[in-house]
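Note that subunit A is present in both complexes that follow, paired respectively with subunit B and with subunit C.
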Partner chain A sequence: MSNSIFRGSVTRRQFGARAIAATAAMVALLGVSPAVLAQAAFDKDAVIEIGSLYEPQNLDNTAGAGQGVNEAFNGNVYEALFALTDAGTVENSLAKDYTVSEDGLTYTFTLQSGVTFHSGDPLTSADVKASIERVTAEASKSSRKKSLATIAKIETPDDATVVITLSEKSISLPYNLSYVWIVNDTATSLTDKEDGTGPYTLADWRRGSTLSLDRNDKYWGTAPTNAGVTFNYFTDATALNNALLTGAVDIITSVQSPDALAQFKDNADFTVTNGQSTTKEILAFNDRVAPFDNVKVRKAIARAIDDKKLLESIWGEYGTLIGSFVPPTDPWYTDLTAVDAYDPESAKALLTEAGYPDGFTFKLDTPDYDPHPIVAEFIKSELAKVGVTVEINIITANEWYTKVYQSLDFAATLQEHVNHRDIVFYGNPDFYWGYNNPKVIELIKQSEASATVDEQTAKLLEANKLIAEDAASDWLYLYPQIVVSAASVTGYPVNGLNSQFFAYDIQKAE
Partner chain B sequence: MVLFALLRLLPGDPANALLGVGATAEQIAAAKAQVGSDLPLAEQFVRFVSSLARFDLGTSFVSQAPVGAEIPNRLTVTIPVTLLSFALAIVLAVPLGIVAAVKADRWYGGVISVVSQLGIAIPVFWVGILLVTAFAINIRLFPSGGFPRHGWAEPLEALRNLALPVLTIAVVMASSLLRYVRSATQDVLGSDYLRTARALGSGFTEALLRHGVRNGVVPIISIIGIELASTFLGAVVVERVFALPGLGSMLLLGISQRDYPNVQGVLFVSTLLVLLIGFIADLVQRLVDPRLRDRMVGSP
Partner chain C sequence: MSAVAALPTRKSRRSWLFALGLTLVGINVAVALLTLVWLPYDPSSTAGGRLETPSLLHWAGTDRLGRDLFTQIMIGSRIALMVGAGAVAIGAAIGVTLGVLSAFATRLLDDTFAAAFDILIAFPTLLLAMLVVAASDTASLWTAILALGIAISAIVARLTRILAKRVIGMDYITAARTSGTSWPQIVVKHVLPNIWPTLLVNFALQFGIAVTAEASLSYLGLGAPPPNASWGRLLQEAQGTVYTAPFGAIAPGLALLILVIGINLSADGLRDIGDPTRRGSR
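Let's turn to the complex of A and B:
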């Protein structure tokens, strides 16, 4: 209606938009993309305003600080011996080099030279030892504590050398160490301050509002391409989107609702990047109890649900289909979407073979927050077509934790799993979904004892395929990792693995 | 006491909220010991009351920062928002309310009444969203939300950031206040003393200002006290819409994280402030109304 009223007259706003489109066209004619232009002339003294929904709860990642502190601090304020790059590879960071003994139990790390903490203290092997012990300490609430349990001894023969002795082989040690911040051993109480080695120092943190980082001019590595970053925290996604629309922030680290994208997508003032997250939306069966202890039933359910249609209805053109629990940024990824692909006819046949020709009824424990309730409704309607009745049971996150995760009192549930490299959960028969395939358990155990990364990758790839064939769970889709920025801003990470948001390469056009 | 009991009735242990999925049983036990949620309720209560008596609001379970230090920071946002919007609401409501009553037979008198009815009917957050769309996104006059990094050290920026939240609360508050002013004015208009004053030769406006306002304002003050308290509490919603680091957003976050010390601290301080507002309103009322003043000193 309103369109037809205004048709024919060019308002000032439309005129402005056309002028921008014309400029863009001219730039394209000259054969230079705007992105290149932006990189050519960036303002190295610009402060980048970042908008985020994830304010840290405190500033200590061993004190229950939440994902927000990883976003703000990993690689920016604190560095580790190794860095998990945005592409998912593990690279040396504060460790200049390392060697592994013949038996795979002794790792010797050489530290980078000339590194100082923000307080001015030089980095020594004693700091590394203290930092690892912070994570493994009894009081530590780090989610990485368990993965470092194989560390038996840490020695510091000289200031630049750290020797770690393991109780059993652990090929993932460098990867696991990429989560361990190297902190000055003289630092006390890190919940509201920091003492790291990273390219930025903490300037100030106004709780509930902003956290600002300044460029560290004494940084040992390559200097950041901006003067600092300010994380602006929001609790309401609409308020965050408005901040970007009005230019109050330059970047949104992670867009959680597809509805908001329409206003940025076809607008030359903004860039929308579609990265790959590690967040998997899954329908987890309780593999211990009937009917889901039957592989055929699980495969039938997987085949009866059209994942593509589900993903499209939730995320539109964004997101990725996955045929297993492994996202493309894990080294043991392979495309398994063809395993138990959508095929309702064969689903019915499988159900008949499994002894359920008339289907059955089960209760689906559904967390009460997005997107689970919508996913549950979709699954309900899909499964109704093959004769399976779903009773949706909405529960809170806390109930999920006690009922499903702790008491294992469920038939099937929906959950998002966020971690990187978490296929190892399928090697634990006591995990909440109760998947128990001795061969997979063995493969996953052996993979950790591999002599080389290639051997580890091969073993986990094999496990990955077996788990997919068993339809241990139904992996519905991989969330997209969407970053939206003003078009003048480039150089930010797109995948945001482990919630990281490296700020040092961000450039703002002059 | 009530605060304490209600919070403990919430399902979920703060230790779980602290650790999230994937924590081991030992980690949970350690976290419970740290936050004290493993102690018997009676003991938790005794600890709570005894520290309150020392004006110690405790330490946040989640941020591990003292609650008493965080609240003043938050008040530097919430108190200015409340007072500014309150002042703006009075500036809007009083003249408009009087006009609506005096000129009830004119078209604009009617319009004012209808608009104020609308203002009462629509929820605060919606007013906020409308104002953001109009003044932040379309004409870019004010920021859509947030608060400057250095707070009041950047006074102009801070005021610009508060403009829309203040306007939002003021519009909603003025709407209901306006109706009280209008009916109080109508009462005054129909009163005997005003008719007498007019009969003695005062002009209409003069009579209204000299006699009407002094009589009409007494009930309005107590209403204003109640409204001010509710504005303060309404800040919870507005702070969320505008991403302001005030007391309201601290409360919401505390509830979602089961951070009892933070929630208790915020509720304790806001209860105190609401009581204080009520007390001041009473005091002002007595100053204005000689009849009440007499009662205060105990004479018949």
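Let's turn to the complex of A and C:
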């Protein structure tokens, strides 16, 4: 996936602790009774059939494998030192414990004992070192490479200890390490094989069709509640829905349209869960060039578009309105929907102040897949009311990557950003949207060097407000995360954070 | 005797179908012209509800954004006719010119032309459209028209070449040549008047094919970009909601069906007029 930082390989969602409560509330709202969730009798030898639209390009997350490999392998086949849970918390995984030096620059990790790779090799600190270096290597295509750039030195004083020295403080290190698969350092051809420590081993990958995982009976942790899972890949959402209707699959990992839900919603044979996503639909301006280098113009555009009506058009009753790039489940969230809320009259006034009393015309580069074209049409019709003319230019995902992301050759564009904790992109003036506010850059830089999480949160909260006030981009809405399953299947992740789909707790009723 | 008796009935049935075809095309032309001066709703108005079913207010329902579908389909009719006419005009201009040139050319050049036409005919229209889009940077109604026009030109050129060669082989052409008539004069005075009825029928058929092909191209995002309400694009937009709001897909599909049937019936009727020997032959 060339545009891997978006729909591609990366992070789908990250959460604060309050997400647990929010999720529970939503599950309850959707009518999933706790009794169903806590189903007692299940078949521990059942193989769970999972339906997905995201087949990996290959099996190596440092080789541009796309989000599909995270879905199938994160936590299932490969584990990391830390795990990003479905609720968004960061927990110890292969790291049993760790300490941080006074200056915050040296992290000492102690590894779990008795862990072996699927090949039988024991886990040692050398494997951890090699695994981190795989991600930071020159040839690595990992989108997380940059976040690990502060690692200056990795030492392995003994088999169970890893010492990481940083060039500058990085409070997100454990979080960032949750993206680093621990791979056996002697393993080869990882693009079509695996050697991880997870609760499942790769049984078979039939390209274009299925990827199946078998339970790892020698797993060091808690054994899975099923005998294995098979990911069934579809290229067409309708075919995928039909597969669930006919019982060919047990679960769909992510439903992308509310209209497909009608057939499952009022049917007792299926469970629909509405989890929290971190996927944001945004209208990104090129803040470097006129007219969008003018804050007033950006604010005017934001006020001229009725986000609520747009969200209802695309997602019906699902999805959430956001006033900034930060979803409600990030620790630094605050409700900013009132900033530049829908108000066409003040939009016109702002345009006049900015020197565009008769409006202007701009080209909107629109990726050719749903929902962008229809969002573009909506924006065109909304902006026409304040005298701004939109020329919709439909481009492919690859063109978007080269034209917009690499060449910065655009006025405004639409994109869905799937990453969580990605507000930091606004601290990079070289990022494609070219937002450059020295105060925000400084705050985001300082937040990473924070001594405590509270300090980090406070800094990012302040940055978040500034970015929203500047209307750096127009944040249209937050996607819902909808998983649909057969009623007999429970225990799957409802948020699918970071595209992950932990399979080990899935139970199928007998 | 019975065959002779059957002829008038068949003939009247066929002329009835011809009339029907012309009527259907006529309605489309009328609707397309009407859109230039009047529309039931502003096509970009999102005032309607989401995916409303057909009603007195919205004859074909509304789309996800609450826009009136009937308005969009009316505009689609204009786009369809524009594409059909534009593609056939381009195809005819290039095709007839090349076909006639080829028919008059030396043996070697003629063979080369013929091979080129065959290759172009074998070339998938879709791939051609993608090449045209790639060459012109963005997909638009004009790239679709151009791509379809080029595809049609090969078919027209091959037909023109064969028809023209047949005419050139006639004795009166030899007579005209020996009496000093120039090639351009022969083309204008003798060749074109003899081949145009057959060509006209072919143009009509190509028109229908172009309309369908444009819908396919737009469906795939290679045709008119949004918010142009091409029928193919309406079909594509309705795809995701086909279970909850099937009319969104049925309505533009029906419109397309009506126009193409109309064109094909008209083409059949034209052929019968232009070529009496084939009258009732099918």
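One rule holds in what follows: the second predicted complex is superposed on the first by the 472 of 510 C-alpha atoms of A that agree within 3 Å, B and C clash if a C-alpha of one lies under 4 Å from a C-alpha of the other, contacts with A are read in each partner's own complex, and residues count from 1 in each chain.
Here is the rule we go by: contacts are C-beta pairs under 8 Å (C-beta built on N, C-alpha and C of every residue); 3 or more make two chains touch, one makes a residue touch a chain.
In this text the structure is predicted, and so the values were computed from the model without any measurement.
S.K.: Following the overlay on subunit A, give me a clash-or-fit verdict for subunit B and subunit C.
M.R.: fit
S.K.: Under the stated touch criterion, which partner chain does A:233 make contact with: subunit B (first), subunit C (second), both, or neither?
M.R.: first
S.K.: On the A-aligned overlay, A:64 touches which partner chain: subunit B = first, subunit C = second, or both, or neither?
M.R.: A:64 sits against subunit B, while subunit C stays out of touch.
S.K.: More residues of subunit A are touched by which chain, subunit B or subunit C?
M.R.: B
S.K.: Once the shared chain is lined up, is A:429 touching subunit B (first), subunit C (second), both, or neither of them?
M.R.: neither
S.K.: Contact-wise, after the overlay, does A:328 reach subunit B, subunit C, both or neither (first, second, both, neither)?
M.R.: It touches nothing on subunit B or subunit C.
S.K.: Check whether A:377 is in contact with subunit B, with subunit C, with both or with neither, and answer first, second, both or neither.
M.R.: second
S.K.: Applying the touch criterion given at the start, work out whether A:104 contacts subunit B, subunit C, both or neither, answering first, second, both or neither.
M.R.: In the superposition, A:104 touches no partner, neither subunit B nor subunit C.
S.K.: Using only CA atoms and the superposition described at the top, report the least gap between subunit B and subunit C in Å.
M.R.: Nearest C-alpha pair, subunit B versus subunit C: 7 Å apart.
S.K.: Both subunit B and subunit C contact which residues of subunit A?
M.R.: Looking at subunit A, the two contact sets intersect at 238.
S.K.: List the residues on subunit A that touch subunit B in their complex, please.
M.R.: 57-58, 60, 63-64, 138-139, 141, 143, 145-146, 191-192, 204, 206-210, 212, 230, 232-236, 238-240, 242-243, 245-248, 396, 398-399, 401-402, 405
S.K.: Which residues, counting only subunit C, touch subunit A once they are in their complex?
M.R.: 44-46, 50-51, 64-66, 138-139, 221, 225-227, 237, 239-245
S.K.: Help me check something: in the complex, which residues belonging to subunit A touch subunit C?
M.R.: Subunit A residues touching subunit C: 237-238, 257, 259-260, 262-263, 309, 312-314, 316, 366, 368, 370, 373-374, 376-378, 380-382, 384, 392-395.
S.K.: Per the contact definition, I'd like the list of subunit B residues that touch subunit A in the complex.
M.R.: Within the complex, subunit B touches subunit A at residues 11-12, 16-24, 27, 30-31, 34, 62-65, 70, 73-74, 129, 132, 136-137, 140, 143-147, 149-151, 240-246, 249-250, 252-253, 257.
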